[in-house]
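Next come the structures, one after another.
In the two complexes that follow, subunit A is the common piece, with subunit B as its partner first and subunit C second.
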Partner chain A sequence: MTRPAETRLRVGVDGVRARAVAVDGEGRLVAVHRGRRGDSPARVLDALFRRGAGTASTDRVVAILPDLTLAGSARRARVGVLRIGAPAATAVPPLAGWTTERASLAGPVAMVGGGHEYDGRVAAPLDVPAVAAFARTCAGKVDAIALTGVNALENPEHEQLAAAVIAEELGPDVPVVRGAETEALGLLERENTAVLDAALARAARAHIDELSASVRGHAPGAALYLVRGDGTVLPALDGYRHATAWRGAALGGLLHGAARLAGVPSAIVVEVTADRAVVGTTIDGLLPDSGLPREIDGVRTGLRAPRLTVIQRRDAAFTGRLHAALARAGGGPDELPVVLVGEAPDDLPALPGIAPIRPEDGDLAAAFGAAAAEAAGSVDRIFWQGTGGGQDSVTRARMLALDAALRAGADPRKLRETPVREALMTYVPVPAARLQVTAVGPLLELADVAAVEP
Partner chain B sequence: MERVTESAIGDIVRGAVHFGSGGGGDPHLGGQLLTAAVRQYGPVPLVRAEALAPDALVLPVVSAGAPYALLEKAHSVHEAEALRAAVEARAGRECAAVLPVQLGSANVAVPLAVAARLGLPCLDADLMRRTLPSIDMTLLRLLGHPVPPVTLVGCTGAQVEFSSGDSAVLSELLRAVMPGLGLVALASAYGVTAGDCARLGVDGSISDCARIGAALAAVTPGSDEGYAPFLHACGGRMVCTATVAELVQHSTDGWPRGVVSLNTSEDFVRIDFQNENLIVSRSGTVLATVPDLISLADADTGILLQTTDLALGQDVHVITSPVDERWHTPAGLDLVGPRAFGYAVDPVRFDGTATLVSAGPR
Partner chain C sequence: MASPSVTLGQLLDLGLLQRYEVLGGESGLRRPVRVVVVGSTVHEISELAAGSVVVFGREQLALDDLAMDLAIRRAGSAGLSGIIAARTSRQVPFVTRRLADRFALPLIGVDDIGPAGVVAAFDPYVRAPEIAGLRVLGDAARRFQRPPANANALTSSLAATLGEPVALVDAESRFVAGDPAVHALLGTHPAADELGGPHPVAVTVRAGEADILLQPVQVDPAGLAVYWIAVRLPGSAAGVLLEPVRQAVAIAALSFAVHVAGDAVRSERENRRRSLLLNEILEQPGDLGRRTAERASALGWRLAGWHTAVQVQVSHAPSSVRLSALGTELEEHLAEHGLSVALVERAEGWVFWSTTEAEADAGDPGPLTKRVAAALAAAEAEHPGLRLCAGVGGAHAGTAGIGRSADQARQAVLLARTTRRPATVEHIDAVSTRRLLAGWYGSAPLRGAAADLLAPLQDADPSGELVRTLRCYLDCQSSAKAAATVLGVHRNTVMQRMERVAQLLPADLDEPDDRLAVHLAARAVDVQWDDPA
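Now for the complex of A and B:
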């Protein structure tokens, strides 16, 4: 039996601004809860359900969780750090440039033989006894493991094998975060991301389990997703080991949600609160990249940073800066509508020449964006083009992005793709290129799957 | 500057990006690599060539690798010792100091880290005074000094040496062995003494990076005036502020050729680049060319960018600045002028003036 589409409800939780909404199959707001800032996401969700928001027909809950930081996290875990690839890359050991204070979260750190070359061939055999010895050193001393292999995006075999060896030694209760789970160019970028994710794994589990308990209590059939920093979904089970992936979700979800509330596919969005305005852009479900890497707690990560401008309202040049930011955000070939949302969109001075859309319930934009969040998959790595020529690797990159979007939950029939961005190798003219591509689309409806089953 | 301490590293690699002219690698990896070496071995002493015996052998060091490949597979701790041993074995004597070959974020950090590891001082000098894509494009060669012997060491112990040969052939051979070495190797070239360096008259390369890097850190993004500390430090000028509209690259033979199209509020600006930015033109008029430096700064943060990493829609400042005068001589322009990179345009200096001497036909 499947329920008719119009009775299925999607719940979006904005765990930062303490808002929750239930949205029906037509995109209408069915129920709303406005809590107090500081309320936990689970508390906000409970309150929405207590308003009778059709708990039985809720089949998806998508939540924006607050950013976790090492400094703010009492439950940060001690991390064992393993690098696979020696003798390569040994001149930059793990955590090399971290401050002493940050590096103190690490337990045992080791570099073992193994790793691959740019084209995926084995550079050195994996030193399995050394991996096992590392795991034994970690026993009882760490709460999580971060391991990263040289060129592991191109060939993750040694990372996977090492993860299995470690799980064998330490058991299933010690999470193992692999670098290649984050699609990002750069060994240090992936390694740092894995270490931060591992350090935050306990705190992440606490947050997700609390929310998960609320979902089970009210809508046991519903699937739980988190919102990523880019405003697309992260399956809750992946969230345990990727707390950094949801950093910035409060703004990512807001940008998409504001455009949806305004009924436009792309927009310049301004969130206005009592103390600041944030200007961002959403283009057909994706956030334009800033071109700059994202640092967390002073540590370079593999996460991409969307292009955002934050302007403090106490800034004397507030209006001028806001105008400049709007002009720049709309710098593309197409005229984009401007959407004003947030707690205080009305106390913004008039913007000459701009007729902004002020959607009703603008304070719910992020919760609405969560309820309607799509699934995306990205590829960003070096492809050896060899004899197959550039076209083969472009096709491969596109397939990998599509696969990643499907794994995130996207409906294969409704995926959209960005053009493939190609950057050729400099200084060593060889047939290799960095390719970047993203696929994005709505989540697969579970009811649709059920409907086609015999 | 007398020595490189951990606290100086940020400025040095940041400033080195300026000499990369849009290439030379992102400074993060270089900074981490040098930090690791300084934490383990202590500060790196800097020396002037005149302070060493004139016949003292020095060890030129350059990281030969694609920046993208280096991000995945950084250097091994074994490469420094292997390179030194190979160069000393051929010369029959010991090296007294490390000599950076070029200025760029990777290629300032790597020789300093090698010096730390080997317990040698590093010369506060280099052979190019900027980043250039080929090991034969040096002021030393401009003076007639031969490029070979060229030595490459890979992380798994492989060593390659080209003891003689024409520089065009050598460059071709070097590129041919790079895939076998995993696209990353530590390299040395030129038999150089401290006396050669003193005669070259290059002084204060690392100190220049530190000084310009400190000025970059003092930039206040948001207005052209905010860049005054940096422009003053490098002697450059702000050409325009613009938005990245398109970036294309294509490779027919050898180096990829690329074009960045920028929109300003009133017109179009174009940057032709290969490994570094080579030509900037505005509505068809060439504003500046290689060998002078053409940099792009992120308008939001003031950070100098790698051209291949630009994002569409990103706002940037285009900044041009001068290099060593010797690159503007006829012989210098033959080696590194726009025609040497395959562009049929005459060289134009960073301030828009024609270079005083003609490059001559090639």
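Now for the complex of A and C:
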């Protein structure tokens, strides 16, 4: 027997544009706060709560935080970098390709014996004494640790073991970021991401703690999430160790929010500000992948960037470029509606042949997108087909994606899945395929959970 | 109507798991449990029916497993009522516990036991919660087939049946046996003051953090409660499990009532025997049959020697005091104060006597009187509102002396009843007129006042003629003629002197009070008192 779910508020905070909204279960705006650009997210949230958004009934607060960069972060941490992969994977050492300046943030760097084969078998036993010795070298010198194991996506055992050994030596206050926490094929990409995340951990903690103090103060029962670069949620506790994951959240949240404001599941979204226009696409809650890895501070990471086109307003060929971008963005079998949002959507010249939707409160699109954000989990890795054949791998990939979505907070009963994208790898000696699949769905609400009557 | 169901909290309270720990989601312990199943994989959790409790073995999913978060999320979404999993040496991450709290999903850590064993242990109670009740009821019925030997046997047996502490208290909420902590807990509740009221019924009261079940023990089904059984209810005793616990306690109360009633019958029979024997002795003291004398000596009664009888009566008793048990209590109190005696029930209370070889000083019954008074005071202290009194007879010799002293004791107790003081004990000699006067005469200040009263007569007639005439006149019940005869003067002389006395005295002899005072003064004034001072 279930009782009707009480109306629980979802609060979205756009920490970049200083907007905050409270949305009820049916997606109606209940409260709005428009702050000044530059206001901290916690301040914007406080102001919204002071407007009397029902704090007791707030189910969750989802926040878009400003991008953190090494250059812009005064609080970047010194990072101990450990690679588990000797003797197989030592040809390119950690931080190769980083600028000298960037690389200077690293503390001790070490490569120790260990790691796995492509199919998860142990390639070399983990050199635990070497891991412990590395941890002791780092003691007192670093603020965070990044460690990456070879083929750790397939088998994270050595990474987990090494993380436990390091945590034992350094205590719980030094965050340990593992490479396999990022779903990326390349060892270097995972490693770079882990190092960046570790370097930004202190700054991330400061941002999140400020925000969660505000949430605790106003709505102690609410869960805090951050918005990822793809517009889905990241639980705040994971945010401490994954500052790079929320890069680009301002746009990711905006794309989803604009479509939701317009009342369409999929759309081409144009954000128009005083000096530029950004064109992006949202399809059924997901942002099409650009296929390119995201570069941060000139470092290639394991994060996937969504397909976006940025056109400067001062560009002489602005209108032409915009048209081209819109045509590219809609490049699918279905005609997608165009939604115009941003600070200055009315500045845009008329676009022949296109009747854009201009939703009310377009400036709130990102905050709205945050409030309504869903949880997603993606898998993108190579599956070695053992005895079970291809179907087994596909099932496994889907299961992993579902699990990842659940960990992000999704309700298992309401998950949607993208079709599994399969790329056969004919250049390796065993049958293998790269499988990509994403599961996405609304967050699990507490009201749904406590619905069993005695 | 919803079928009765148990909660995980109740199941855990049954003590079927040796060692367990609620790691999170405590607020979900009140959710109903529909079924308990062995878990195989995390993904399968979503397929389980709402209200399930899933038990994982260490091989399937240990508590520190990274997949535990997933399990909690899936279980929360599917509306499960709990996860039971094996503990490992590693601590369960704080995040995992918080997650369980957030979803109000009980996360129970157990030592390594087979999940099938847990399911088998829980299953009967989940399928038919009444079974847990039947176990308690069956146990109670078996243990209380025979009445418990005493209060301690009752409380320990019942505590073993219910697995919860039990205390026995009397109708005035005093601790009798069992767990003092339960009694202390009960003391904090206002219901403790109402145990002596009419129409006692079983009730559950909330005292502090615990629920206490109070079950009256009634010898007479329509009467007051003799005792109350107090049980601290376990958390599991709610809903469908509460009724069996109630019934088990009721069985125990019934069984104990049989014990109390049996005790009462036994002591009543003994009392009757004693009073019949005493009647025989009192009626025919001179001609006791051999049989009677034998029975008396069997009871430890001595017929020869000097007997001092004491009669004890109840002047006022609150309804909560059981008079049938009071005799035994009094015997105990008297024994504590050095009087090992057998009380014999009489129509007007209880009588006993002490016997000495030689005649005691009749004017100094002090030790006996004091001891009786102390014993009565002790009994009164135990029962607020109870008033007792006693009378002590004089010492009389022989078998007939018992009756004589008992008669005097009965007279003395009449006087004792007229006073309102607690634990009054009167001695027959102390109420004789002579002793009254002796008390009065014994007071030097009163004698001084008497001398003052008669001073005008002494002044006017130093020979003392006037005072002697006054005393004689009053002694002769204010008859001038009789006084004249005693004094050897003419009646007119007496009348003339009394006129003079009336003029001189600062008191009016027509007033009874004045006359009595003057009479006493006149009788005291010429006596030579040798004060100990």
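Criterion: the second predicted complex is superposed on the first by the 443 of 454 C-alpha atoms of A that agree within 3 Å, B and C clash if a C-alpha of one lies under 4 Å from a C-alpha of the other, contacts with A are read in each partner's own complex, and residues count from 1 in each chain.
By definition in this document, a contact is a pair of C-beta atoms (placed from the backbone, for glycine too) under 8 Å apart; a residue touches a chain by one contact, two chains touch by 3 or more.
Treat the numbers as computed from the prediction; the structure is a model and nothing was measured.
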### Task
Mind checking the superposed model to see whether subunit B and subunit C fit together on subunit A or clash?
fit
### Message
Applying the document's definition of touch, where does A:Leu188 land relative to subunit B and subunit C: first, second, both, or neither?
### Response
first
### Message
Taking the superposition on A as described, I'd like to know which of subunit B and subunit C A:Ala89 touches: first, second, both or neither.
### Response
first
### Task
Considering only the touch criterion stated at the top, classify A:Ala274 as touching first (subunit B), second (subunit C), both, or neither.
neither
### Task
Give one of first, second, both or neither to describe whether A:Ala355 is in contact with subunit B, with subunit C, with both, or with none.
neither
### Query
After the fit on chain A, how big is the angle at subunit A between subunit B and subunit C, using C-alpha centres and going to the nearest 10 degrees?
140
### Message
Applying the document's definition of touch, where does A:Ala223 land relative to subunit B and subunit C: first, second, both, or neither?
### Response
second
### Task
With the two complexes superposed on chain A, say which partner A:Arg407 touches: subunit B (first), subunit C (second), both, or neither.
second
### Query
Does subunit A have more residues touched by subunit B or by subunit C?
B
### Query
Once superposed, minimum distance in angstrom between C-alpha atoms of subunit B and those of subunit C?
24
### Task
Return the residues of subunit A at which the contacts from subunit B and from subunit C coincide.
none
### Message
Looking at the complex, which residues from subunit A come into contact with subunit C?
### Response
160, 223, 237, 399, 402-403, 406-407, 409, 411-413, 444, 446, 448-452, 454
### Query
For subunit C, which residues count as touching subunit A in their complex?
2, 5, 7, 30-32, 43, 46, 50-51, 66-67, 69-70, 73-74, 76-79, 81, 95, 102-105
### Query
Which part of subunit A faces subunit B closely enough to touch in the complex?
85-93, 96-97, 115, 117-118, 123-124, 150-151, 185-189, 288-293, 300, 307, 309, 328, 331-332, 382, 422-430, 432, 434
### Task
Enumerate the contact residues on subunit B facing subunit A in the complex.
23, 28-29, 31-33, 35-37, 39, 64-69, 71-80, 113, 117, 133, 155-156, 175, 178-179, 182-184, 243-244, 249-251, 254-256, 258, 263, 274-275, 298, 300-301, 303, 305, 308-315
